[in-house]
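In what follows, structures are represented as C-alpha cells.
Both complexes below contain chain A, partnered by chain B and then by chain C.
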Partner chain A sequence: MYHLQFILNGLIAGSVYALFAVGLTMTYGIFRFINFAHGELIAWGAYGLLWFSGPLLGLPLIWAALPAIALTICIALAADKLVYAPLRHQDRITLLIASIGLSFFLRSLLQLVFGAELMTYGREAGRGWEIAGLYVTGVQAGMGITAVAFLAGLYLLLTRTLLGKALRAVSDNMELAGIMGLPMHRVNRTVWLLSALFAAVGGMLLGLDTSLDPFMGLANLVKAFAAVLLGGAGNVWGALLGGLFIGITENLSVAFIDPGYKDFVAFAVIIAMLLFRPQGIFALTRGEVR
Partner chain B sequence: MNYLLHTLVMVMIYVVLAQSMNLQLGYAGLYNLGHVAFFGIGAYTSALIAMAGWPEELGMAVAMLVAGGCGALVAFPVLRLTGDFFGIATLAFAEMAYIFFLNERWLTNGPMGLPGIPRPQWIGQELTALPLYLLMALLLTVAAHLGLRRLVKSPFGRALKVVREDEQVARALGKNVLALKIKAVAVGTGLAGLAGALWAHYVTYISPADFTLQTTILILLCVVLGGKGSLHGPILGAIIVIFFQEGLRFLPIPADLNRFVAPIQGMVFGLALIVLMRKRPSGIWPEHRRKKN
Partner chain C sequence: MKHMLARMFGLLLALTLIASGAMAADAVTVGAITPLSGKLSVYGEGFQKAMLLALDAVNAEGGINGVPMAIKYEDNTSTAQGSVSAIQKLISVHKLPVIFGPAASTNFLAICPIAQQNKTILIGAESAASDISKCGDYVFRVFPSDLLQGRGVAELAKELGYGEVALTYVNNDWGVGLAEVFKDAYTQAGGKIVDELAHAEGRADYRSELLRLKRAKTKAVVNLTYIKEAATMLKQAYEIGIDTQWLMGSASKSPKMVELAGQAAEGVIGTYPTFSQQTPQYQAYQTAWKQKYPDQKLPVFGEYNYDMVLLTANALRLAKDNSVQAIRAALIEAAIGFTGATGDKTFDANGDVGATYGRWTVKDGKIGDYK
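On to the complex of A and B.
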C-alpha cells in the first residue's frame, strides 16, 4: 500500500511531465533542434495564471487560465518569428545557443516582474479523498483529469483530422511534405501553438500543486528532456509514456533513497538512456539519431 | 582601486573558463552545457585539500587533475553521441553534480557552503594581498593561454578542427576521432577546474548556489561574443562581459531598485546571445578562415 501511494503520486506527476514532453518532442520532430526555451513557456503559463487571477484582472482561477494560455502562445509564436524562423537554415549550434539566450531572457524577465521568491496561487490546501487506502487531493485529481483530457484531445487531433495528418507527415519528412504542397507555415504555427498550450497547462497544474518560482521552467525542462529521450526524440506517444515513467520512478525512488536525491533520478535516466538506448525505449522503429 | 583589482581577478578567472570552453565548443565543436560542474569540482577539491591543511598550490594542481579526470570519465561514454545529445548529457551531469554538492554534507557542508577557504601562504589572507593574488591569477592565466595556444597550433589542434567540420573526413584521414574529442574535453575541463580553484581561494567562501546553469551561460556568452574557435576572441569576450557585469556595481542605483539589477543583467545577456546568433554568429573577433555556411 505504501508503495502504491507513491506510484499513484508518480502517475499524476508523470501526466504533467507528459504534457511538457509532448510539446518538446513535437518541436524537435518538426524543427530538429532542442528548444531550450520550452521550460520558460511552462513558467510563463504558471505565472500568467497568477497575474491574471491576481492583481491584473482579479479573475477566478479557471477563467484566468484562458488569457494565461493566450499569453504563452503569443510568446511562442513571437519567439518563432523573431528568433527561430530567421535562423532555421543556420547550423544547429547557432539555433541551440539562440534558444539558450531566449530562455535566459524570458526567465530574467519573469524575475524582473515577479521577483525571485516562491509564490503560490493563495488557494487553501483542499481536503482530499481516501479511496481504497490511497489518498488523493482535489488538486491532484484535477491534474490527472486535465492532463488526460488534453492528451486525449491531442490524440484525436493527430489521428482524426487532416491537420494532424499534415503534422505527422511533416515530422516524418519535412522536405517531402513541402514538395507535396502541405501548408508549411500553418503546420509550423500549429506546432508552436500546441507546444505552448501544453506547456502552459502543465505549468499551471504544477503551480497549483506546489509553488511557483522563476526557475521552475528549467527544472521541469530537464525532466521533459528525460521523457523525450525515453520515448525516442520526435515520438509523441513515446514522450507521453516517458513522462509517466519519469514521474513514477521519481516518486517511487523516495521510498528507497534520500529524498534530497529525488531529482537525481531524472538525470540518471537521461545519462543511462543516452548511453544504452539513444533511440529511446518506446521507439517502435529504430529512429534516426543525430 | 580595490574594485578594479577585484574585477581584474574575475576577468582572469573567466578568461580561463572561456578558453577552456572554447577548446571544446570552438575547436572540437562539442557543446559542454555542464561546464560549470567542472568549475565546481575544481573549487571544492582545492578548497577541501587546503582546509585539510595541505598546501594551497597542491590543492590547485589536484583540482585540475580531478576536474580533468571527471571530464574524461564523463566524456568517454557520452561522446558516442553527437550534437544536441552531448549537450543534454553534460547538462544532466552538471545538475547531478549540483545535487551532490547540496546533499553530501559530510564532504561539502551542503547548502551552507564552505567558509574560510585559505589563500596561499605567500599571498596572505588580508584584503591588502589583492595585488599579489591578481599577479598569481595573471601568471596562471597566461600560462593556460600559452599552453592552449601551443596545443591548438599543433597538429592536434588542426585535427580537432577537422573533427568539428566533418567527422567522416577526420576518420578517412586516419584520425582517432574519439581519442581527439576525449583529450579536448579532458584538457578543457581540467582548465575549468583550475579556474574553480582560483575562484575558491579568491572568494574564500563557496556554496552549491554558485555552480548553476547561469554560470555556464555566462561562460558561453564570453565565448560566442568573442568568437568561438578563435584564439583571442574569448579573452576579449570575457573582458567585455565581466566588466559589464562588475561595472554595474559602480552605478549609483538606489537601494530599493537593487533587486531589478540582476534580472535586467540577465535579460541583456540573453538578448546579447540572440542578437549575436542572428547578426554575427562568429563573434567580434572571428576565427580567420571561417567558411560561410
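On to the complex of A and C.
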C-alpha cells in the first residue's frame, strides 16, 4: 500500500509532466529545436488564471481559465511571429538561443508584473479522500482527469482529423509536406496553439495544487525535457509515456533514496538517454528521426 | 541529433545556474550581495527594502560625518556562483571595504573565504549556519548562530514530552548544519529519531516525502525548512491525513507561510531568536517601515538587515580613517553595547552575537507566542 501510494502520486504528477512534454515535443517535431520558453508558457498560464480571477476581472476560477488560456496562446503566437518565424531558416542553434532569450524576457516580465513573492489562488487545503488506504485530494483527482481528457482530445485530433494528419506529415518531413501542398502556416499555428494550450492547462493545475512562483516554469521544463528525450524527441506518444515514467520513478524513488535527491531521477534519465539512446526508447516505431 | 540534444541539455543546465548588477559617487559606499532574482528573491526584496529604510535613517542624521552613505547592491541570483562573482566584483572593481553578505548559508559560506583572504569585512544579517563562526576575523553577523537554535528545538521537543520524533530538513548547508546540531542535542537528552530525511528546496510536491514521515508514525515531526517549503508540506500533510505535532525553526515563521498554508498551519510550534518588540528601537523600525511602505507587511529578518546597516554606519562614523583595519576595529567597538531593533549586538570572539529564543505557534490564522 505504501508503494502503491507513491505510484499513484507519480501517475498524477506524471500526467501533468506529460501535458508539458507533449507540447515541447510537438514544437521539436515541427521546428526541430527545443523551445526553452515553453516553461514560461506554463508559468504564464498559471499567473494568467491568478490575474483574471483576481484583480483584473474577478472571475470565478473556472471561467478565468478561458482568458488565461487565450493569453498564453497569444504569447506563443506572438513569440512565433516576432521571434521564431524571422529566424526559421537560420541554424537550429540560433532558434534555440532565441528561445532562451525569450524565456528570460517572459520570466522577468512575470516577476515585474506579479513580483517574486509566492502566490496562491487562495484555495483552502481540504482533507483528501481515502479509498482502500490510498489518499487522493480533489485537486489531484481533477489533475488526473483533466490531463487524461486533454490527452485523449489530442489523440482524436491527431488520428481522426485532416489537420492532425497534416501535423503528423509535417513532423515526418517538412519539405516533402510543403511540396505536397500542405498548409504550412496553418500547421505551424496549430502546433503553437496546442503546445500553449497544454502548457497553460498544466500550469494552472500545478498552481491549484500548490503555489505559483515565477520560476515554476523552469523547474518543470527539466522534467518535460527528460520526458521528451525518453520518448524520442518529436514523438508525441513517447513524450506522454515519458512524462508518466518520470513522474512515477521520481516519486517511487523516495521509498529508497533520500527525497532531497528526488530531482536526480530526471537528470539521470536525461544523461543516460543522451549517452546511450538519444533516439529515445519509443523511437522504434518511427522510421527515421533526425 | 545526439550532439544537438546534448548541447541543449548543457544550455538548460547553465540556465538553471547564471548572474547581473549597477551606481554612486561622493558617498561612503558599502557593498551588499542580495538575492534580487532567483528563488530567494521572495526574501531578497524585503531585505533590500529594510536596508534602504536604515539608510534613509542614517542619511537623515547627516550620513557618515556629513557625507551620505550609499549601498551598492549586487544581485547574486540566489546562487553560490552568483555570490562569488558578486563579491569579486565588489572587491576588485569597486574596492569596497565593507560588504553585506548574502542570505542562505550556502551562499554566505561560498564567499567568506574570499572576504577573509582579501581582508574585506563581510557582515551577514540572516545567515545562521554554525560553520560561519569559523570563517575568520573579518566575518561578522548580526544574526544568531544555529548552534543556539538547534539546541532550542531539541529542548522544545523534550519539554513537550516527545521522546521520539521524525526529522526532515531542507537539503542545503543551513538545513543540514541545523539538523546536525538538533540531532546531537536531542539524542544526548535521550530522544530517539525514528526516521530522518532531507527534502529539496523549492519543490511543489512533497507528498512522497510526507508519506515517509507518515510511515514513521511519530507523535511529532521536526521540520527545519523555509517558508514556501513549510507551507507546501503542511498543506499536503493535511490533505493526506497526517496528524502530528509539527515542530519548526525560525526560517518558516512568517505570515506568508500561514497565508499559503491556511488552516493546515494551525497548531505548529517553533522556536525563533527573539527580542522585545516593545523597545523604542524596534518601534522606530516599525514606524519607519509603515511610513515608507504603508501597504507592506514587515519582511522576515528585515529588522536584522536594518540593525546591520545602522551598526555599520556607527562603525564608519567612528573609524579613524578609511582603511579596512580601522573600520574593523571601529565595528567591534561600535557593537559593544549597541542595542538595535533586534537587541544587543555585541560581537563575541567569533564575530557572533548572542540571542534569546522564543517559541511561536499558529492560532486562528495568526502567528503568536507559544506559552
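Here is the rule we go by: the second predicted complex is superposed on the first by the 284 of 290 C-alpha atoms of A that agree within 3 Å, B and C clash if a C-alpha of one lies under 4 Å from a C-alpha of the other, contacts with A are read in each partner's own complex, and residues count from 1 in each chain.
Here is the rule we use: a residue touches a chain if its C-beta (ideal position, glycine included) is under 8 Å from a C-beta of that chain, and two chains touch if they have at least 3 such contacts.
In this text, all values refer to a predicted model and were calculated from it rather than measured experimentally.
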item: Side-by-side fit of chain B and chain C on chain A, or clash; value: clash
item: Chain B versus chain C as contact partner of A:Val83, first or second or both or neither; value: first
item: Partner chain(s) touched by A:Leu106 [first = chain B, second = chain C, both, neither]; value: first
item: First (chain B), second (chain C), both or neither touched by A:Ile270; value: both
item: First (chain B), second (chain C), both or neither touched by A:Thr94; value: first
item: Which superposed partner A:His185 touches (first chain B, second chain C, both, neither); value: neither
item: Partner chain(s) touched by A:Phe225 [first = chain B, second = chain C, both, neither]; value: both
item: Which of chain B and chain C A:Gly260 touches, first, second, both or neither; value: both
item: Touched partner set for A:Gly115, first chain B, second chain C, both or neither; value: both
item: Overlapping contact positions on chain A, where the chain C interface meets the chain B interface; value: 34, 92-93, 96, 100, 103, 111, 115-116, 218, 222, 225, 229, 258, 260-261, 263, 270-271, 274, 278, 289-290
item: Complex contacts: residues of chain B adjacent to chain A; value: 25, 29, 31, 33, 77-78, 81-85, 87-89, 91-93, 95-96, 99, 102-103, 213, 217, 220, 224, 259-260, 262-267, 269-274, 276-278, 281, 293
item: Touching residues on chain A, where the partner in the complex is chain C; value: 2, 5-6, 9-10, 13, 34, 36, 92-93, 96, 100, 103, 111, 115-118, 120, 124-128, 130, 135, 137, 206, 209-211, 213, 215-216, 218-219, 221-222, 225, 229, 233, 251-252, 254-255, 258-263, 270-271, 274, 278-279, 289-290
item: Of chain C, residues touching chain A in the complex; value: 1-2, 4-9, 11-12, 15-16, 37-39, 41-42, 44-45, 171, 197-200, 202-209, 211-212, 215, 227-228, 231-232, 234-236, 238-241, 256, 259-264
item: Chain A residues within the chain B interface of the complex; value: 33-34, 83, 86-87, 90-98, 100-109, 111-112, 115-116, 218, 222, 225-226, 229, 258, 260-261, 263-264, 266-268, 270-271, 274-275, 278, 289-290
